[in-house]
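After this come two complexes, each holding chain A, first together with chain B and then together with chain C.
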Partner chain A sequence: MSRYVIQRLLMSIPVLIIISIVVFIVIQLPPGDYMSTVQAQLQSLGGLTEDEAVKVAEQLRHTYGLDKPLYIQYFVWIKNILTKGDFGFSFQYRKPVADVIWERMGWTILIASLCHLVSTLVGIVIGIYSATHQYSIGDNVATFLAFVGLSVPGFFLALIAMYILAVKVGVEAGGLFSQRYILAPWGWGKFLDLLSHIWIPIVIVGFAGTARNMRVMRGNLLDVLNLPYVLTARSKGLKEREVIFKHAVPNALHPLIMYQGMVLPFMIQGELIASTVLNIPTAGPMFLNAINTQDMYLAGSFLLLLAVVLVVGNLLADIVLAWIDPRIRYD
Partner chain B sequence: MKRKWSVLTLSIIVVVLVIVASSLAQESEIPKFEVDEIIQYKALPSYGESPELAEAVKRGEIPPVEERLPAKPAVVMTSGMSDGPGIYGDVWRTVSAVPTAGWNWAAGVIGGWFGIEEAMQEALVNTGMSWRLKDGEPGPNLATHWEWSEDGKTLTMYLVEGAKWSDGHPFTAEDVLFTYYDCILDPNVPSWQGAGTWTLGGKVVELEKVDDYIIKWHFAEAFPVYLLWYMDLLDFSVAPAHVLKPYHPKYNPEKTYEEFINALPPNDLPPVVLGAWVPVYLKEDEALIMKRNPYYWKVDETGKQLPYIGEYYFKKASAGVQRDLDLIAGTCDQTHLETPGLFTFVNEQARLPGSPFKIIPGMWTLTFSLESNLSLYQGVKNETDLEMRKLLRNFDFRKAISHAIDREAVARMLVPGPMLRALPSGFPSGADYYDPEAVVSYSYDPEKSKELLAGLEFKDTDGDGILNWTSGPLQGQNLTVAVKIHEDQTACVDIVEALVPMFEKVGIRLTPKIVKSTVGQALDTAGEFELNMTRQDFLASPYTSLTSLAPVTPSSPNWHRAGPGEKRDLLPFEERMVEIVEALKYERTREGRQELFSELQKLWTENLYTIGVIEGIYNTGITKRFRNIPIGVPARFHQWFHLNVMQEQVWTPEEEQLPEFLPGVVVRHEEKQK
Partner chain C sequence: MIRKKKETKTVNIIEAEQGKSYLQLVWRRFKKSKMGLLGGIIIVILAILSIFAPFFSPHDYMEYDPEKAYCPPQRVRFVDADGKFHWRPFVYDLKLDIDPVTYSRIYVEDTSKILYIRFFANGWNYKILGLHSNLHFFTVEEGSIHLLGTDRYGRDLLGRIFLGGRISLTIALMGAIVTVILGSTLGIISGYYGGVIDTLVQRSIEILQSFPQLPLWMALSAAVPRTWTSLQVFIVMVMIFSFLNWPTLAREIRGKTLSLREQDFITAIKEMGGSDSRIIFKHLFPNCLSHIIVVLTISIPELILMESTLSFLGLGIQPPMVSWGVLLQGAQRIEVLGLYPWVMLPALFIVFAVLGFNFLGDGLRDAADPYSVKRS
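Moving on to the complex of A and B:
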């Protein structure tokens, strides 16, 4: 087992190196850089002529080392991350990238984890119900909703929620708190206010995840329920409840566990879109803004972090699978 | 007899109609003022202040109001107010969709737009007042008045004496000199203006300090009056020299320019400002809150220190549209309506009973036009490019395009209703110096368009409905024109979608090329486009964007840039336009400028310098709580709404006031230094 874990650990190092190179190239791909944004602003909002603005941008590129060759910029970036934990400077927020990201990570991880928890629990429960009541009205309704959940994009649901809340219900749409609670100290009032806001992104982001989990759970459980050992259990006279929850469900969970490794980045992506539309102060809107203004170190570092989460998640999922399924570790 | 009666009845009806129409017209007319009806600088017998500042004085935290104000403060006159002097209280809630990067605005650092800069910065002159002034000129602000020398080469400016920064430090000529020499002119500081604007006849304008409150500008040419317009907000927002000098490499050799630019980071609160409100609280992506500046140097005629509204609340959002949504939900107090797609929706909401906001009709200044690339050298890579540019420079071709556009249909397709309409001339009708007599239009006439194209020897040789080139390097090919659109300008995308079938009808294939705005900027710079569908807001205030109006710099106008080695073949009418723009810089009278602008508009529209498509009215949505909102205040003219409205004079009756987010908080700078 430990040999398997070490092997997997070693393999993730080259993966991360390749990812960091790809990330760096990807964020450099669009023409221009943050200084082009500055240049455009100086021209359109200020009164600088193009030639003057170009000179200012060149000066800034020199100041921030953006005039050096790409590979040198990459090595400096990686060296600072590894040796100092310094992810670079965010031009837009005028402070270290790490500060900008960490300040937003709390809400991001909280919302993403809650979405994950809700979608897993609800998805599994509905999946079990659907599988054990195959082709009943309840199963058909759940299946229909699952297809809707999988096919409607999150941003569209978020837009509909915004419209209904702002126009039909007449409450402040978006955000995590009502205006009067933003500055209030923590207390029951503020907590209840948070609850009245946070369910919206959780429902929107969790909807697709729930739908997916439900479909996977339903399919697996149906497969397992048709296996001979379940027939044996039933013929031994075990209660149906015991057959399903003790013998069938644990064996149907494997693909869901394997999927856990990918789920966090998936949830963060969903959260990213919903937060952007719903105006929630998480990493989502920040990342979008960083891409739009080509605040490259900020965008790159966030992408890199997502990749690390994906790799680590997969590693953990592999380990858990190896732990519960001996066939894998004897490979 | 019968005929006599009917003639009499008819004439009575006509007279009544004329009277009704003229009274309606008067009602909708914007009242105009002399400067001293809006603002004067004088001592008043006594002064008043808001309750929380009075408490702070009692506690000994700040000096009494008389000591905080200048000996002769700026008095916002009752004659210029629509509801008269007001009372203290309330909070102005709005939305900012751009991160706050810091407070060193003189180094181009962004406070977050959406009114943040207007709330905290002050400039030498006030061009936000100009739309209400009879002469339409910049109004006084930190400079109370100014005079030209007889030869026009020296401008003496008198600064408000005894005004203080929000930390109590006196504002003097030293601050103006620091802003000019060490920020605007210093090439290492990315300020909003550069030496180019301030260079006349090859010489950079000199600024001399006579004493703490008198400065003199020295020019190489006589009467460069246009420079007054560059002494306004953002272009010349005065920076606090006493705060920034220790960070500037010129005064502190240990510092770098990078350190200077980032000297005042966003969380370094409160920053030292001259404006009516001071930022005191910032949570990134959530909220920015400003409180009234205890040292603000403006009062009303009863002596009450301004502003009336004690708090400014900016909700931080990821997109500007949040402001419109929050206005509808009643949690935001004001927005500018600039997305045509939302016009009808927001209007409907405003008309609902109990709606918290109303719409203030603005001016017809939203301008959507086609720019045709006239450059023979910039972005021309091969023979076909050159052939295309020659075609775009051909007046008959531009005329054919203009005749092909059914502008009314485009406007109706975008937004049904009265907020968009045809723009046949290329100059928006709400623009300053607009002269309806001067503009020429080539309106919808597809038959004429076809005739013109036939005259240019285009023929549909392959019978596919699209004309073909009959000679030159493109011989035999379809007449295809690419139009560039920046993806964030959604209205432009919709307009081009409407244009495609109209062009097709006369035999031109229009291919839309939608690009990210950063890429679009790069293509503009490189001159790599054929047509450009864009919003030309700068035409609303042409005197403040003179260089965009004619080929006076290598990069202007966008659609006729100079190529390598500054090579550019001006069209015959452009030569006269260059002369007009040069003359405008030094023209002192409005009548003189009007005459020049009329000629410019005639040349521009007669020769289809740009091809206008539609114009829109730039409306403001604002809460019904606020008083002293000037009649007809524009969302955007020379300045944005916040300055046009004179926000320090806005107030709310007591029963309609909202509770503050930070009640009782008084701006104090000493705490920061501890």
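Moving on to the complex of A and C:
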């Protein structure tokens, strides 16, 4: 087991290296850089002539090392991340990327994890109900809702939520806190205020996730319930509840766990969209802004961090699977 | 509670012996899935509406009309304000008014002006499949009819949604086709030849799958220069879609090829001197085809969702090209939503299309392998 874990860990290192290179290339792809944006701004708003603006932009490029060859820029970026935890400088926010990203990433991961938790629990419960009551009204309703959940684009759900809350109900939608709590110190009032805001993205993002989990769980459990050992359990005279919860459900959970590694990024994606629409100050709006203004280190660091989350998530899912399912053997 | 699964295996084998072709067997099982049929019908309707968009649009969807900005959807009626019944459906003309409370511009129905709907009547000129015509499915004699309202420039939303369907559906279809070509080719090659090629393809798959899809997609789309024409952007979008999407299919096809490769009939072909290309194209590919078609149908809805999300965020298709996502850009601001909620309507078509393809894919998945025992 420990050998398998170490092997998997070692295998993920080259993957991460290649990912970091690809990320760096992708953020370099757009023509021009942030300094050309600055140059354009200086010319139109600052009233500088073209020569002067070009000069300023060149100076800035020199200061931030953007005039060096690409591979040197890459190595400097990676070296600083690994040795100092320094992800570069965000031109847009005028402070280190690390300062900008951690708080927003924190919120994103918090919301995504909560969605994950809610959608897993609810999805499994509904899935079990649907599978044990196949073709009943409840099952049909759940299956239909699951189809809808997978068919409605996340941003549209967010739009509808915003519309209903703001226009029909008349509460403030969007953001994480009400105006008066944004700068307030933490306390019960602020916490309750957070709860009254955070459920909106959780419901929006969790809907699609719940639908997925429910469908997977329903399918798996139906398959397992058809296996001979369930028949054996029944013919031994076990209660139906015991047959389902002690014998069938644990085995139906495996495929769900296998795909847990993919779920967190899926939730983060959903959160990105929902928070962009609802204007919640998490990583979503920040990333969209960063790629639009070519704030390359900010966008790149975010992509890199997400990829790391994904690789680690897959690793954990594999390890958990090997741990709970003794049938799986790795050499 | 738990019903016994139906054993249809024996029946199918007998029928296969009676000489029913694979397609007949697939169709036979597909017919039984009501949801699959429903999905198919939805897709066909959406496709017809999009292809013949100008025919189904009573007004020119490109024409600006500031006088008609943000018209609300008009109700089709049979009974007029006096309670009189009309045999021909009609709408009331709209006139501008000032809201007595908020003093903002609103449209009210002018119950003195009845506009009868005419079917298969002449209207604005358009060109379709190289033919000029001015025939429309429905239109009104004078005035205007906006069944789904208008956008901020006074363009008819109904027509624009049909027009947007063209791009949204084509981009998803093309993306899915390129994905399938890339995925099945690489999958079969990697499974059949093994060795260095296999390792190379497998590692690329691993790396591509280690990326958070949507953010990478956003970054790549943002890299498309703003100066490019909408057609170039369209092609690049298709390429990005398929580039990021092929790994899943390639992995599955590789697994299938690996198991097929060891089977007797492939060995027999090799013994008889059949070339690699013959084995790949005449035997491996057809054997994977049912799976490939299923993946094709289920990756289309994903692409529709992705395209609309990207276009909604302003990173995908660029105006003047119109897709459902582009249309929804108009619904980004809460003030607009509150006053003119009908700008959200294009999303309903996205939902219909995605639901349709999902139903179809589900039905096909069950039907694609008619020799198997039907699950549950």
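By our rule, the second predicted complex is superposed on the first by the 316 of 331 C-alpha atoms of A that agree within 3 Å, B and C clash if a C-alpha of one lies under 4 Å from a C-alpha of the other, contacts with A are read in each partner's own complex, and residues count from 1 in each chain.
Operating definition for what follows: contacts are C-beta pairs under 8 Å (C-beta built on N, C-alpha and C of every residue); 3 or more make two chains touch, one makes a residue touch a chain.
Predicted, not measured: the structure shown is a model, and the values here were computed from it.
Chemist: For the combined arrangement obtained by superposing on chain A, do chain B and chain C clash, or do they fit?
Modeler: Aligned on chain A, chain C clashes with chain B.
Chemist: What is the contact status of A:L288 with respect to chain B (first) and chain C (second): first, second, both, or neither?
Modeler: both
Chemist: Could you say whether A:I72 touches chain B, chain C, both of them, or neither, answering first, second, both or neither?
Modeler: Touch status of A:I72: no partner.
Chemist: Which partner does A:T37 reach: the first (chain B), the second (chain C), both, or neither?
Modeler: Only chain B is touched by A:T37; chain C is not.
Chemist: Could you tell me if A:Y93 is touching chain B, chain C, both of them or neither one (first, second, both, neither)?
Modeler: Touch partner of A:Y93: chain B, not chain C.
Chemist: Considering only touches as defined above, state whether A:T63 meets chain B (first), chain C (second), both or neither.
Modeler: A:T63 sits against chain B, while chain C stays out of touch.
Chemist: Figure out whether A:A166 sits in contact with chain B (first) or chain C (second), or with both, or with neither.
Modeler: A:A166 contacts both chain B and chain C.
Chemist: Which holds for A:E52: it touches chain B only (first), chain C only (second), both, or neither?
Modeler: First partner only, chain B.
Chemist: For A:T276 in the superposed arrangement: first (chain B), second (chain C), both or neither?
Modeler: both
Chemist: Given the touch rule stated above, what does A:G175 touch, chain B (first), chain C (second), both, or neither?
Modeler: first
Chemist: Indicate the residue numbers of chain A shared between its chain B interface and its chain C interface, in ascending order.
Modeler: Shared contact residues on chain A: 30-31, 162, 166-167, 173-174, 276, 288.
Chemist: Any idea which chain B residues touch chain A in the complex?
Modeler: Listed in rising order, the residues are 93, 99, 101-102, 108-110, 187-188, 190-197, 230, 234-235, 256-258, 262, 265-266, 281, 283-287, 289, 313, 315-319, 322, 325-326, 328-331, 349, 516-519, 521-522, 525, 547, 553-556, 659, 661-662.
Chemist: Help me check something: in the complex, which residues belonging to chain A touch chain C?
Modeler: Residue list for chain A touching chain C: 15, 18-19, 22, 26-27, 29-31, 132-135, 147-148, 150-156, 159-160, 162-163, 166-167, 173-174, 222-223, 225-226, 240, 265, 268-269, 272-273, 276-277, 287-288, 291-292, 299, 302-303, 306-307, 309-311, 314.
Chemist: For the complex, which residues does chain A have touching chain B?
Modeler: That would be residues 30-32, 36-42, 45-53, 55-56, 59-60, 63-64, 92-95, 100, 103-104, 162, 165-167, 170-175, 179-180, 182-183, 275-276, 279, 281, 285-286, 288-289, 294 of chain A.
Chemist: If you look only at chain C, which of its residues touch chain A in the complex?
Modeler: Result: residues 1-3, 5, 206-207, 210-216, 218-220, 222-223, 225, 301, 305, 308-309, 312-315, 328, 331-332, 334, 337-338, 341, 344, 347, 350-351, 354-355, 358-359, 375-376 of chain C touch chain A.
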